[in-house]
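My questions will all concern the structure given below.
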Amino acid sequence: MVVGIIGAAGYAGSELVRLLARHPRVRSLSLGSVSLAGHIEDVYPNFLGMVSRPLHKPEEVVAASDVVFAALPHGVGEAYAKACLEKGISFIDLSADFRFDDDEETYKAWYGTGFIVPALRKCSVYGLPELNRDRIKTLAAAGSVIIGNPGCYPTAASLAVFPALATGIAAPERTIIVDAASGITGGGRDPQKSFHFPECADSMSPYKVGAHRHTPEISRNVKNMAGLFGRDAPEVIFTPHLAPMNRGILSTSYIPLKKDFHAVSYAAPCSAPRPPSKEVETSMLEIREMYAAFYKDEPFVRVLPAGIQPATGRVRQSNVCDIAVNIDQSGTTLIVVSAIDNMVKGAAGQAVQNMNIVMGFDETEGLDTIPALF
Amino acid sequence: MVVGIIGAAGYAGSELVRLLARHPRVRSLSLGSVSLAGHIEDVYPNFLGMVSRPLHKPEEVVAASDVVFAALPHGVGEAYAKACLEKGISFIDLSADFRFDDDEETYKAWYGTGFIVPALRKCSVYGLPELNRDRIKTLAAAGSVIIGNPGCYPTAASLAVFPALATGIAAPERTIIVDAASGITGGGRDPQKSFHFPECADSMSPYKVGAHRHTPEISRNVKNMAGLFGRDAPEVIFTPHLAPMNRGILSTSYIPLKKDFHAVSYAAPCSAPRPPSKEVETSMLEIREMYAAFYKDEPFVRVLPAGIQPATGRVRQSNVCDIAVNIDQSGTTLIVVSAIDNMVKGAAGQAVQNMNIVMGFDETEGLDTIPALF
Amino acid sequence: MVVGIIGAAGYAGSELVRLLARHPRVRSLSLGSVSLAGHIEDVYPNFLGMVSRPLHKPEEVVAASDVVFAALPHGVGEAYAKACLEKGISFIDLSADFRFDDDEETYKAWYGTGFIVPALRKCSVYGLPELNRDRIKTLAAAGSVIIGNPGCYPTAASLAVFPALATGIAAPERTIIVDAASGITGGGRDPQKSFHFPECADSMSPYKVGAHRHTPEISRNVKNMAGLFGRDAPEVIFTPHLAPMNRGILSTSYIPLKKDFHAVSYAAPCSAPRPPSKEVETSMLEIREMYAAFYKDEPFVRVLPAGIQPATGRVRQSNVCDIAVNIDQSGTTLIVVSAIDNMVKGAAGQAVQNMNIVMGFDETEGLDTIPALF
Amino acid sequence: MVVGIIGAAGYAGSELVRLLARHPRVRSLSLGSVSLAGHIEDVYPNFLGMVSRPLHKPEEVVAASDVVFAALPHGVGEAYAKACLEKGISFIDLSADFRFDDDEETYKAWYGTGFIVPALRKCSVYGLPELNRDRIKTLAAAGSVIIGNPGCYPTAASLAVFPALATGIAAPERTIIVDAASGITGGGRDPQKSFHFPECADSMSPYKVGAHRHTPEISRNVKNMAGLFGRDAPEVIFTPHLAPMNRGILSTSYIPLKKDFHAVSYAAPCSAPRPPSKEVETSMLEIREMYAAFYKDEPFVRVLPAGIQPATGRVRQSNVCDIAVNIDQSGTTLIVVSAIDNMVKGAAGQAVQNMNIVMGFDETEGLDTIPALF
């Protein structure tokens, strides 16, 4: 199988190259760039002697490939998606263009322009396997398909919240708060002041507070998962931060519990918080079991044993999402922490996972990397 | 004036040495350690040729000094506090022992043991100047005083929440969520697995979720500030994280607004979030003005101009707390981000600020460091 | 094939686990620890759901395995080496115990104690394949073998110097200087002050200057390679530094050239240095070609194209050694920079490479990881 | 006194602002930028509420000031230097324009263009106080002066080598090798690929090997110091590296000793290196004493006690240069390690030190910061 990657010279693109060059089902790679020529190993000398491939024009990549990935800015890739469908091959898109199905209004509100070829959404599906695996399979079974590969924050946040929605323990009338931090690779390959080493090393800061484009994507996932179980969905507030590290997203989600699931923490109302009581601990363990049950067949989600918290360093370079279930000291709010590698499960790895599903391969092929501790 | 520092060999103690050695009102330092002997510059070679002082026994420090700081583990310093009061000098304590006034129950619930000399609380005050400056002054005017110097997280979080409580815009029946990250110096000088470079570098993780000792301290500050204005106080949930940096706390507080203060964001209920509307922006600017007015006379709090977010790197080695006022996209929840240097405003700097108040000096003496960008 | 790893709970041991758990020839792992019990995934939660193995006693590991790795402190593993030989299986030792062949005097001078079972050296070989591949193969062909797996610095430094010795361009009467920096994982898993995050983050320092145990190992390699070509060998000075990063060794070697190979840089003696002349550049390119030719069949050594310098970040988690050939501005001294991942080519990866050679597998099996850029 | 800073918006410029805004002799600052308008606190929000100053045109700064600093690219500042001299005030230049006195050939060879106003060199002096203090004073006594403030690497390297030249223990016919690493702030404020966080974090690499512009500056200093004592000077090879940290230069200098000063290490030639003998240790201690004596009156140089190595983290934000004297195991080569903060002693701090000398102030005024450990 020849796999095409358009936008191979960006960070997400180069991560696709790294993963797909070792994928057991991939015979060769056809790499493309909208703006650069030369070879991929000129741009990324880490590939020297391991991956040596010229950068073609996107059209040539489409022509040469059996499936095409695109890691391009928003609004650039639709033409190639169309060309792929016409050729009868699938297109896996890492931009936001196909993440909103036919909700062009929301897409336009956050990304500024409307869809270029709206009809493509008839063949597209949001590629979060833990939410949409069946839809992806159904669509792929019917022919070629466009995958809207999820954003990095939405992946980490949605996986943390899904079981609480599915099991109905989340209070739908209360807002879910997602507070997350990303490594600097999330900002891409283009040198900018915000990602200049002295400006961000040894420092932490938030950005786009109350106004990040991943908010509607998370909200949409929340509504879709709640909808699958016939439930109302809570609103979502999301705040991203920049942390002084290369890879990883750590996401902390605050999910108010329905009254029925409150741990009875104190005998009487109390003026000051107390450490978690035995009831709170029990409640946490029960909900942890719900989470473990929800994800028991998922190959890439690990619900951690009680007492172990996720660390981005512990999922580095793997497609794993680590999840810890916690409760606040009063037993009324779930605090679910999730960690992913933003470049793998948050981008290129999840895209390969989607390819595996679309092509009918085992979902873990080419993605069985054991995360290194450092 | 001779200033004593017991526990000078710990990180907070060494930061006190650094600050007080250059304080214009300090003639000399008397340094003490419970367990170490030798000189401070043997422990911290950065002091070589600049601060050369032997480490004495704590009793000797009390005897030699006009005011005493203690940076000791919880439960160790009360005897020295008592000795100071008996000698008629003030005692500034960086442990949690005097942060709860006479609420021994809460202290005991979180720190395991009760007060050793409960009566000392008659002369003690929680040393967050932005909350208690008048009480500190009044108590100090009456004689020697014990300062319970605030925790690092409670300082950052409380300063972010205070104006919303004072102005009555926070909805008292809704929980405030404080999500914060600390640099690794917060873990102290003792080598441990969690703070071993390869275990925490280039990684991020939460700890003590739903069970951190700073939760009751933040909650108490929230209640006290609301109480000053005759208001009910919201509950608090607090989650700390470890970020791969040396210094700094970045704290993001989610404060639900009373209905009256909701920005009318959307003409009609909408199924998906929209970017902040003009009403939301206006609401944010108004509340930012409230914050700026609240802190207009505070020497160490900077309410940042709209559009600038705090970064821990931008308050490095200074006693400043930077605050940015944001609102979520729907205009119903305040998202206030604050940044401090955990070792300065979060520990030693605030202790010196308290000393300045107690001794009647200008509050900024010895604390006018301009933060370096890197 | 069952592979045993004694000392699996240390950093080098855990890296062996990570690599061997995905090695195509390995059926299962038998893990051992001298001091710890429990499971490996309790010690390293990054293994959860991927590698689940109990920690056995070392003797049990020997009994269960077809080949045994040991990542133990110096002086601890000889008994297990002996047991392996008696059982007729090979033993790959990551300590220094078998790095000096029969030169017990030198070993003792630097490591304090002598050999425990000196006779084992009859079956041992220093496992730097680029130096000793044939000896390893010959010995292994004759039965079970003990591999003294090289130190991290000696690997990086020796590979940088070998071609200059083999081709005879290095001046034997002049000292080679090796100045190198290591990531903090080189210090192992045990929390210590030197590796406590706040003490080493954002800082750089040397250690054991003029007195590091890897000096005699580098010197020995230099003499052995020169000896292979019948040449005299230069002396070696080696200085290690600690750099604030997780993995990697960057080694800069200064190799004085024989007069015959000096570039004629300036027409006349000149009072001040000048930028490299065309002659110097040409000389550099010629020597670069010698290096490329020397390593042309080595699967893990990349002689970089002119203009590209090694970066530890570019060999991360791979078994590759990147080498750049440079000359000083006057054309008299070769400046060869090499980069490896200290945990892979500098420890566990090279050990697996040795296993591949000993067992007759393709040398790259299980070691074809493409280095990630970040 | 009004102090002018042209190029205030660059990193070195902003560091000058930080230091001079707290200098006891400075009444006010006049800031200038060649390309930017607005206020300095718009560019560097860390200055908010502490330093609020508009950015003027350079000519206006010259007109308003009693002394002028320039932190500009090479070749840009000569016109302002000339204007200052004409006005009768001193000019402290952080570029390379005045670092080579009248040796225009060497300047041109490395910086590409010649001097613009060659005659200015009659009033200029290379501002390394430890080399040229008397010349600076003499020139300043005669009127206004131009200071060519040293480069960061040359400062660290020269201070490490000077005592060996002055005491005549360095072998003049052998090359001195300087191997050094710099924090990323050394690359300036302009975002570039090399300084983009993901490209340099957690990684180390060399750059401009054998071809860095600081080579002739170090070489010049070596010759000048040797010349002061009537000695021949060794050649210099210099290799810079980029280390993943914000501030700091760590420089390791290898200085071959004259035969007379070789420690007699081994009774007989020995095939393998041995740990340092007692003779080597004694030799090291004697030379350490020479170093301490040489610098005994220098306010900013600390020759560290035996057993303590410099760390860049231990001179952070101070004007100190820490120096450790070591010898290689054979006792023939001095290994002197020095650490400075590249932005302070390596740039802005040394410039202020020069201002203090020129203006007749105490040399340490405004520069007495105690370095923080982290």
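Order as written gives the chain letters A, B, C and D; numbering starts at 1 within each chain.
Criterion: contacts are C-beta pairs under 8 Å (C-beta built on N, C-alpha and C of every residue); 3 or more make two chains touch, one makes a residue touch a chain.
Everything quoted here is computed from the prediction, not taken from an experiment.
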Chain whose average C-alpha position is farthest from subunit B's own: C
Intercentroid distance (Cα basis), subunit B paired with subunit A, Å: 36
Cα-centroid distance, subunit A relative to subunit D, in whole angstrom: 47
For subunit C, residues that touch 2 or more chains besides their own: 11, 183, 185, 198, 200-202, 244-247, 314, 373-374
Overall pattern in which the protein chains touch one another (line/ring/star/complete/other): complete
Subunit C-touching residues of subunit D, taken from the complex the two chains share: 103, 105-106, 109-110, 175, 177, 179, 181, 183, 198-207, 209-211, 215-216, 219-220, 223, 235-237, 239, 241, 243-248, 250, 252, 254, 256, 271-276, 280, 284, 309-314, 316, 324, 326-330, 332-333, 335, 337, 339, 373-374
Sites on subunit C touched by subunit A in the complex: 11, 14-15, 18, 21-22, 44-51, 185, 201-202, 246-247, 302, 304-305, 308, 314-315, 317, 320, 343, 368-374
Parts of subunit D lying in touch with subunit A, wherever the complex brings them together: 11, 183-185, 187, 189, 191-193, 195-198, 200-202, 244-246
